[in-house]
Amino acid sequence: MANVAFFGLGNMGGPMAANLVKAGHSVKVFDLYDQAVQQLLEQGATTASSNQQLVDGADFIVSMLPAGKHVEGLYLGEDGLINYIKPGALVIDSSTIDKPTVVNVASALAEKGINFVDAPVSGGVGGAIAGTLSFMVGGEDADFATAKPLLDNMGKNIFHAGSYGAGQIAKVCNNMLLGILMAGTSEALQLGIANGLDPKKLSEIMLQSSGRNWTLELYNPCPDVLENVPSSNNYEGGFMVDLMAKDLGLALDTAVNSQSSTPMGALARSLFAIHAGQGNGKKDFSSIFKMFDKE
Amino acid sequence: MANVAFFGLGNMGGPMAANLVKAGHSVKVFDLYDQAVQQLLEQGATTASSNQQLVDGADFIVSMLPAGKHVEGLYLGEDGLINYIKPGALVIDSSTIDKPTVVNVASALAEKGINFVDAPVSGGVGGAIAGTLSFMVGGEDADFATAKPLLDNMGKNIFHAGSYGAGQIAKVCNNMLLGILMAGTSEALQLGIANGLDPKKLSEIMLQSSGRNWTLELYNPCPDVLENVPSSNNYEGGFMVDLMAKDLGLALDTAVNSQSSTPMGALARSLFAIHAGQGNGKKDFSSIFKMFDKE
Amino acid sequence: MANVAFFGLGNMGGPMAANLVKAGHSVKVFDLYDQAVQQLLEQGATTASSNQQLVDGADFIVSMLPAGKHVEGLYLGEDGLINYIKPGALVIDSSTIDKPTVVNVASALAEKGINFVDAPVSGGVGGAIAGTLSFMVGGEDADFATAKPLLDNMGKNIFHAGSYGAGQIAKVCNNMLLGILMAGTSEALQLGIANGLDPKKLSEIMLQSSGRNWTLELYNPCPDVLENVPSSNNYEGGFMVDLMAKDLGLALDTAVNSQSSTPMGALARSLFAIHAGQGNGKKDFSSIFKMFDKE
Amino acid sequence: MANVAFFGLGNMGGPMAANLVKAGHSVKVFDLYDQAVQQLLEQGATTASSNQQLVDGADFIVSMLPAGKHVEGLYLGEDGLINYIKPGALVIDSSTIDKPTVVNVASALAEKGINFVDAPVSGGVGGAIAGTLSFMVGGEDADFATAKPLLDNMGKNIFHAGSYGAGQIAKVCNNMLLGILMAGTSEALQLGIANGLDPKKLSEIMLQSSGRNWTLELYNPCPDVLENVPSSNNYEGGFMVDLMAKDLGLALDTAVNSQSSTPMGALARSLFAIHAGQGNGKKDFSSIFKMFDKE
């Protein structure tokens, strides 16, 4: 069993850390919110009063933070972990951030002999609790091999996408495509409905035809076609419009930086941003279906 | 076994008629090209020298024509079949045409006691030959039940989408979604490639994640990820760009007529139309992937 | 002065006919609504009880109807005007309709020796009343020359766009571009506002720079930048969203029929259709500005 | 007359500095390319061998650099100008960069008592040489007033857009709108051409109608409608596709950062990026017209 330091105990990070404790690791945790720390202590984690003490003796440092600036601050900022992590330890950053930040942090750590993988996740809060997340990992083969057993304690599908930052890119591509699938499936169903088709029947036909896709199969945006999905629960729960808009924004930034053209992804970003701007930011992202309603 | 009259022996209609012959039906065929007729005669069909004789005694009349005006002409035009088909017979029109034409023809036939279903197909020439087409059928329950055994001889999935014209609408919705999936998957893969990912690896990751869709699974647009798909064969064979552009145009017309908004489908139509305009109309539609290349 | 028969006395047709009366022509009028006819009689027009009598002796027949089917019905339908108009007379159809209908009607009339121009207008109800409409005319040079003096009584700019149907195409192109200008100007202004700019100041800057366009100059979509425009009057009056969506739909149909790609126009159509679907169909089309608001 | 230090003597910066010399100012210049410096020396500028000496005694420091990182490096980097500029002097940065960098640099300078305005330009190389550039200025009223006489020596329209960074935002909004106008005008003209209209005639009609805009008036993208524009010169000269794609990328980043939705601008960016990727990056941006050609 390993010594782990875990930073960031939010909706995702909290249950991920808890799964590491359950798996028998010795886990020291930190979060700006005492309550989040307290909850983990009750489940068997420990904590410490300084960054130095938190990473003292740690073989793995896991971080799950909101944005690139937080990751940069934690590792490279004032009193940054870079000063305390022991050479040979492995940093696993599961935050969803931009690739340039990943490369910047990984390079700085490498100069001190500290290893790094980026390992953003998909699967949501439910997957974090159940330990069934997907991890998209960027980094060297050896580091991926070292990280894998730990990631197995928190997830089900562990992919090695390539070198530093490749995990972030894979996630950005996948989520951009997801946004496209959801918007496209929504308007196809609405076009059918407006022309007299039953959405259940149309969904069934397209699922067995070339329109088949993940959203149609597991996350139908039309109410009452599938049970136990957000659309059948007033678009509550699930993956928020604001988060999809954020991920699509990250995809656009990535496209702009690499001179790539992503017309469908750019349009999907515009649609979700309009939808968020109309007061739907906290609803599930399948509510984009409602944008194509006719009053 | 039934008496069938079959009109339209093109790339699709020819093998469909052949499958009816193989199934043991008595099939009289017609096409403007004598050679197409000749080929079917060799396989056991018969023909006749007038519309009247062709449908004489037919229980089923099947048509597979290029556009709405041909369908209207065949049934309602000068010397139209409406004058000769016996009351109680069933017309199965498998052409991909607009719903208003379907309704117009079906209504006129109904006044003479002739039954009608629209039954457009998907599955391509390969599916027509193998008898594995999907049929999306619009019409009354009783007529669907009557048509089903015959359609089973030509296809694998036979869907009852709803009343008159519903088959056409279902096909339009599915193919619009297919166009969206193909364009979206192409740009997601290209975004990954431009940022250093291996397209095989990225495809594998997205296939097991929320980006999963029919094109990624069976028709990957990036060369050499899948074998035996058009992208690995210089984008030859398969479903032509011109045809995808036509289907997306039909989807847009349907959207305009029903005051529906289909932003993703409309953009996909623009992209495929640009691609066709740049000289790629006869290539497989997965070649849209090349539009996002960087020279 | 000429003998004119005028069909269609709606919001546009009524004041157009009135301007012909004022110019001293002898005008016989017809509309399905008696009240509309009554109003013109009070202004000096006459009427008659049959199509035959209405066009009896007419040198010019002007029509202003809602859609292609009405135009086709009036001229070619049962008891159609084609049976009564004298050879050598000139039909001026000012309805905004599709080019195929224009060509169909014009050709049928030509066989009887009746001349035809399509002459759709822009300039709105205000322009119709003031006699300052723009006419975009399709037809032969001689017919344009014949029509011009009459059109001068109803409008200010009379353009000869080309042969039959060219007037319709010119109007469709212009109005598609107008939709693009309005949507694009709206989002540019909103982007500035979201980043702290004063919309008046930004409008002034762009008006003197390369962003200058008709909407920015005469029809600013941001409230209180210009006086006496719909945006400063709660988006009332002006050109309705429903009508802009209709014109953009006509543009898309034209693009589909000619295998043209109009990505910006197709997107504008989607945005206006969504906006209409959200209950804004009767507002002025500059209200698309509100779609980019953030709550 | 003022003491000016000028950094960045590229295609734009070189002639701008030359105009300051012509106006009688005492100008010290610097560029990484000796040849660029040499050219200015011949026109009456001076230079110096260190940053310290270059800004020694300068009332104005003007910079014209390619990207935000260069601006940050020049002022705040190692041996940065912040260490040498005298309190009370005014920095005028005319680079086109992102607002966050502007705010960062301006704030750092302010702490040392150094004043700052951002003043990006439009008008191209021709405008830089002729001294007819437009400047969009962000900064405090007093600093704008101080900068104005100097900017008048280099430009014609000097706009005060708002506080720090507002100049950049105004430029981004205007250029995004310009990209939309150019793409939209191109496809409207092509739609007309595909339906038989003469592009000259159509341009003339739209110029006098509600489709009027800067590109139609001064920069028609269809060859041989206007003389002396890039489209009539094989799309050479003018404003490169690569630069338009860059500005639209900056607009998208701005939209993403402010949660704004800019669907038309995002689509325009995709189209120009595709066009650049197809080998047209060095052509004038009006060549987007060719994308809508049909082979």
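Couple of notes before you dig in:
Note that the chains take the letters A, B, C and D in the order they are written out, and that residue 1 is the start of every chain.
The rule is short, and it goes like this: contacts are C-beta pairs under 8 Å (C-beta built on N, C-alpha and C of every residue); 3 or more make two chains touch, one makes a residue touch a chain.
This is a predicted model, so every value here is computed, not measured.
With contact taken as defined at the outset, chain A and chain D are each touched by B, C. Here chain B and chain C face each other with the same set of residues for the most part; over half of the interface numbers are shared between them.
Chain centres here are Cα averages; for chain B and chain C they lie 38 Å apart.
Centres computed as Cα averages put chain A at a distance of 51 Å from chain C.
Multi-chain contact residues of chain C (touching two or more other chains) are listed as 255, 259-263, 267, 271, 274, 276-277, 292, 294.
If you draw each protein chain as a dot and join the dots that touch, every dot ends up joined to every other dot.
Chain B meets chain C in the complex at residues 245, 249, 252-253, 255-256, 259-263, 266-267, 269-271, 273-274, 276-277.
Listed in rising order, the residues of chain A touching chain B in the complex are 99, 122, 134, 136, 157, 159-163, 165-166, 169-170, 172-178, 180-181, 183-185, 187-192, 194-198, 201-202, 204-206, 208-215, 217, 219, 251, 254-255, 258-265, 267-268, 271, 292, 294.
Within the complex formed with chain A, the residues of chain C that make contact are 263, 267, 274, 276-279, 291-295.
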